[in-house]
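Input: structures, listed below.
Both complexes shown next keep chain A, but they swap its partner, so chain B is in the first and chain C is in the second.
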Partner chain A sequence: MEEELKEVLKELNSLKQSFTDPSHRAPIDKIQLHVERIANLGNSGVRRSKVKDMSAEVVDSNPYSRLMALQRMGIVENYERIRDFSVAIVGVGGVGSVAAEMLTRCGIGRLLLYDYDKVELANMNRLFFRPEQVNMTKTDAAVQTLSDINPDVVLESYTLNITTVQGFDTFVSSLKNKSFRPNKEGSGVDLVLSCVDNYEARMAVNQGCNELNQTWMESGVSEDAVSGHIQLLIPGETACFACAPPLVVASGVDERTLKREGVCAASLPTTMGVIAGLLVQNTLKFLLNFGLVSPYLGYNSLKDFFPTMEMKPNPQCSNGACMERQKEYLILKPARDAAAKAKMEAETSLVVEAPLHLDNEWSISVVDESELDKVDAKTSDALPDGLIRELPSADDYQTQPNEASASSNIDDLEDLRKQLEALNG
Partner chain B sequence: MEGWDPNTKSTLTQIPLLTIKAGPRDGAAWTQRLKEEYKALIAYTQMNKSNDNDWFRISAANPEGTRWTGKCWYVHNLLKYEFDLQFDIPVTYPTTAPELELPQIDGKTQKMYRGGKICLTVHFKPLWAKNCPRFGIAHALCLGLAPWLAAEIPILVDSGMIKHKDDATTSTDS
Partner chain C sequence: MEEELKEVLKELNSLKQSFTDPSHRAPIDKIQLHVERIANLGNSGVRRSKVKDMSAEVVDSNPYSRLMALQRMGIVENYERIRDFSVAIVGVGGVGSVAAEMLTRCGIGRLLLYDYDKVELANMNRLFFRPEQVNMTKTDAAVQTLSDINPDVVLESYTLNITTVQGFDTFVSSLKNKSFRPNKEGSGVDLVLSCVDNYEARMAVNQGCNELNQTWMESGVSEDAVSGHIQLLIPGETACFACAPPLVVASGVDERTLKREGVCAASLPTTMGVIAGLLVQNTLKFLLNFGLVSPYLGYNSLKDFFPTMEMKPNPQCSNGACMERQKEYLILKPARDAAAKAKMEAETSLVVEAPLHLDNEWSISVVDESELDKVDAKTSDALPDGLIRELPSADDYQTQPNEASASSNIDDLEDLRKQLEALNG
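What follows is the complex of A and B.
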């Protein structure tokens, strides 16, 4: 349309030149003005310029006034810190794209987006993507929309599959890149959000984050689109994704009974939006340090039930990197306890010292819980003479069952390859 | 495994099991695993040939053995339907199974994810998860791809979604 309007303007101009009588020019000028106005209407991309500092000034033109008000309300101590944070979003689908938009509107410092898919018409029952973006890669389409919404956010997009060896390497090195905030400790991002739709990709995110000791949040929506969950994963401290493998039930199918229904999962913009909202809310609480960061939050939409729970890491986790992080976490326990104690003491010293209860008719006293645990563990561990345990105790189970394999390396890899090629020939 | 036909079961028991739990990022351990993969594939291919049930060709497309390409075929009503077969070994292998792809019939059946990845969720993934790390590529072909072809190809042919390449009826499996 823009091109057409330009042509019209050009023609009007040449028409105007052809008139010698100035009285004829006035109506043409009028038409010209109209055309220009139409051209401006179509050209709605009046992109706002970047904002250097977040201001709390309450004016219509300030994109951050409502967010900065969080400080005035006493919810967040320093909202502007959000500009220092980098968040990586793996999977820019029904949940990831909405989460990305929310963080963009919140003025997050930097977003890294990973996806290998393209936008399809079948995605239109979800939020964010528009029909005219069909066939664009999801990462490109997301960058297009997000940079329009908030040009202050630094966007990085990666069109790759993180489960492949090459994709995974790029994924990990992009997380390590610290050019955005060189003095940051640890990796180059503050949080990774997993918004993928399959087990393989979740395991890849889990692997990468365990290796980098990177805190991440997992999200998921069930195939029937009526429930979902978010989960906080801190390597070594909470359960990793491999610590509690999903319940696999072999349903005893054979080729004759393979279901014909198709693999198409159901999805709703509502459930996806709710999960994205919960995920980003937890992200903001984690980054800006307010409220309680949920370790796990489920959502069952049929009963409007929101279960929460905590999961400790599995001391027999099959993921090697997770085991290493667990070890590191245990080593740091005394330091952590001391810090917690110091903090507690600092807090209690502020409180006016006074006996909690004036009388203690029943002589109730408080016993240190950790001492109680020790006693318990000793007594329950003891077995009567002559009895032994059949199974090793969980903490001692460290032997890997792979030792018998040493015998199989007689053959040369190249020989084996040739042998298979000979069969293929 | 109840519900699987006795043929598949007896074939499966003859494919050597693997022992090393190592993925493509595990260096020397992966090389060892790769050797086991080759041994299992060789045994399975030999077994298929001797049982006159040869149905695939597969070989590593890179020296690291992380990408595999080949062909697989299925005979329906005495006509042979052949497809390109490809897959990557995922970084989290063998915890997660390879995603087998038949790119030529991408989009022709619902039982497929984008890029021609066949759906293994119901009939194969639970078995793989339970038998990690003992199952390898050969097992994935035997328990994942073979039943999928047996279930899908007749339906795709009968519904006209795939047509037989007439000139391909004479032997291509030399």
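What follows is the complex of A and C.
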């Protein structure tokens, strides 16, 4: 609108030039002043200017004072490091948009946003997007809002579908780009957050991250809107998304009441806000090195129950890149273990001293690595209560094919998708 | 800005009228058209108009389709009832503003907002407020944003401090006002959410709600930003805020590292977003009658640990209104129990079948009423792991006075405040 008003000012000026009589020019001058005032109105709010260095100074005008206080409180050793980090968010919907806003307000260095969808009024029951943004792409609308909130964050947006060949290639290239921090090891981003709403897109993120040896976090909310989960995936070290059928949180609602044919998924700003909050909290813990980063954390909102577990990679995973990462991980394991031990010793005062929920009714535990064999992908038929598989395991599937897909191949994504649609709670 | 542009159009019109020569009028016509186009630009986004009835129709333009889907999914019996409800939110800060936005997007009938503070850049590390709203009152800024998001919600804002005599009176009067739903039983609101950041304000909410026999929910986030809680308070039935020293979630951070003198509290959009999400989720469950409404739910973000417990009222509570509600509750108990039993039987298919976390390492359990004597305010020295008291209990306090406050009276709010400041973690 500012640009448009500048055009009007130019037009008024031309008009004024066409007169020599001051009595004709005076009223035009007046109108010009009025339009100038309106043009400035658009800027009259205290616009947030860029901040060169994060300061801990306790003044009302400092947007970072309450974050830098985390250092003085002994929670984070060096908060300002957040400006070095790049986070990619795939899917800017009910979870991804809120995660992006949280990271923006936390002063993350760089955000990469991926989505192909447009904002609709039907999205207004979730946080972030506003009715006046309807028909904008979600990426454009997000950049508009986020750059107003915090101009210090470097925003890159990609309006694409990562499940297409071209979209996937652009996605992988963008993750490789190291221009933001040329001396960074590995890829150009520190973490990928998957905030998509379908299986194919998750598999695409999984493929890209396995190829790049890129740590990522997956998030999801159930179709009935009342449960969700987050999961940490470290290629070679944890189960990848193809290692085992994904786990979801059982909502406890009778599955038979879920009429799937032609029914749109329900969603709530509460569940999605909680999942986005848990996801970004784990992101901050991962990046800034404090607290315990949950390997898997579920949220059953009907019972206010939060199951957690760990999953080891499947040594027979169908994903080739995952198998390569597993081999590398085994080779580097001694060095890693030593580093992890040193890190753990340094953090002893901050992290959990005892396993969580050990021997409880739900059989949920945070186990140390020696115990992991019990709960790995191949032997975890006894899942913690409250967690169910989205799909049958590959083994079950191959040994007990059902009628509907007896002839299909486990590698066939389209069939997996159909199964998911048929089975997903 | 629209009004301003209309003024410019009037001025251009007067200017045009001062000329009779068409060659002079033509360029002014052109400028008028340009300004008209700009004036319409401000409205060019799809502005959300009011929606008379909530529809479940699955079209992109329906802002309620994903919420009404909760009915077809079997989660909520009658979602549209949400339009009958009034919720009061005291404190429109990092938790209250997000709670207000969630309820607004869920299509709540009426929101009452209370705050006396102004928006500052130092608030930008939490969700909701935008930099261009700096220096507006939080209530005005909230009404601006919320009415844009959902014009169907009736918004009432009160720019006041409820800890002042006048503010408290206005607060209580506003809760009593039944003009929104004249035939409602009890007060004029269905639930009060306390989203304040200090002890006095919580005690004021507690006093008002005890006097009005008003169910409310309390929320809080720790000064180190990494833990928080929500709590359900039903006068006479559960512990009131004065019945026992309030419980908070231990963050596990060494308290000695918390330098309190002159240090501003830390805050994170993640923790506050999670607490707001849990609070509004419990609000929806309470209002729309689904799932289990948690009596107390904590969030320790460093460990991703969520303690829960129940607290019975203190039969020696210092709050007179609480004691009256306790007496009424005992008299009405048989009738209530019968109603609760009938309600529970009707909901059997939706709610938790077994106590949560029974016999687990953390000793946290959802117990039935017969077991409650074990954990009531007078005998709950053995708190669930992860929960600590904000203050010593009244008994401890009176039998073991410490040097700093040996002569003070437990009823003296100022002394309690000082104690809180000295002890609160």
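We take it that the second predicted complex is superposed on the first by the 273 of 425 C-alpha atoms of A that agree within 3 Å, B and C clash if a C-alpha of one lies under 4 Å from a C-alpha of the other, contacts with A are read in each partner's own complex, and residues count from 1 in each chain.
The rule is short, and it goes like this: contacts are C-beta pairs under 8 Å (C-beta built on N, C-alpha and C of every residue); 3 or more make two chains touch, one makes a residue touch a chain.
Please read these numbers as outputs of a predicted model, since none were measured by experiment.
J.: Which partner does A:I331 contact after superposing on A: first (chain B), second (chain C), both, neither?
T.: After superposing on A, A:I331 lies clear of both chain B and chain C.
J.: Is A:L278 in contact with chain B, with chain C, with both, or with neither (first, second, both, neither)?
T.: Once the two structures are laid over each other on A, A:L278 reaches chain C alone.
J.: Contact-wise, after the overlay, does A:M203 reach chain B, chain C, both or neither (first, second, both, neither)?
T.: Only chain B is touched by A:M203; chain C is not.
J.: Under the stated touch criterion, which partner chain does A:T163 make contact with: chain B (first), chain C (second), both, or neither?
T.: first
J.: Can A:A242 be said to touch chain B (first), chain C (second), both, or neither?
T.: In the superposition, A:A242 touches chain B alone.
J.: Going by the contact rule stated at the top, is it chain B or chain C that touches a larger number of residues on chain A?
T.: Per-residue touch count on chain A favours C.
J.: Intersection of chain A residues contacting chain B with those contacting chain C?
T.: 252-254, 257-259, 262-264
J.: Quick check on the complex: what are the chain B residues that touch chain A?
T.: 1-5, 8, 19-21, 24-25, 31-32, 34-36, 38-39, 41-42, 45-46, 49, 57-60, 64, 66, 70, 88-92, 95-97, 99, 110-114, 119, 121-123, 125-127, 129-130, 146-148, 150-151, 155
J.: Per the contact definition, I'd like the list of chain A residues that touch chain B in the complex.
T.: That would be residues 117, 162-165, 168, 199-200, 203-204, 206-207, 242, 245, 248-264, 318-319, 402, 404-405, 408-409, 411, 413, 416-417, 419-421, 423-424 of chain A.
J.: Can you check the complex and tell me which residues of chain C touch chain A?
T.: 1, 4-5, 7-8, 11-12, 14-15, 18, 24, 27-28, 30-31, 34-35, 37-38, 41-42, 45-48, 58-67, 69-70, 72-75, 98, 101-102, 105-107, 120-122, 124-127, 130-135, 148-150, 223-226, 252-254, 257-259, 262-274, 276-278, 280-282, 284-285, 290-292, 294, 297, 301-306, 308, 349-352, 354-362
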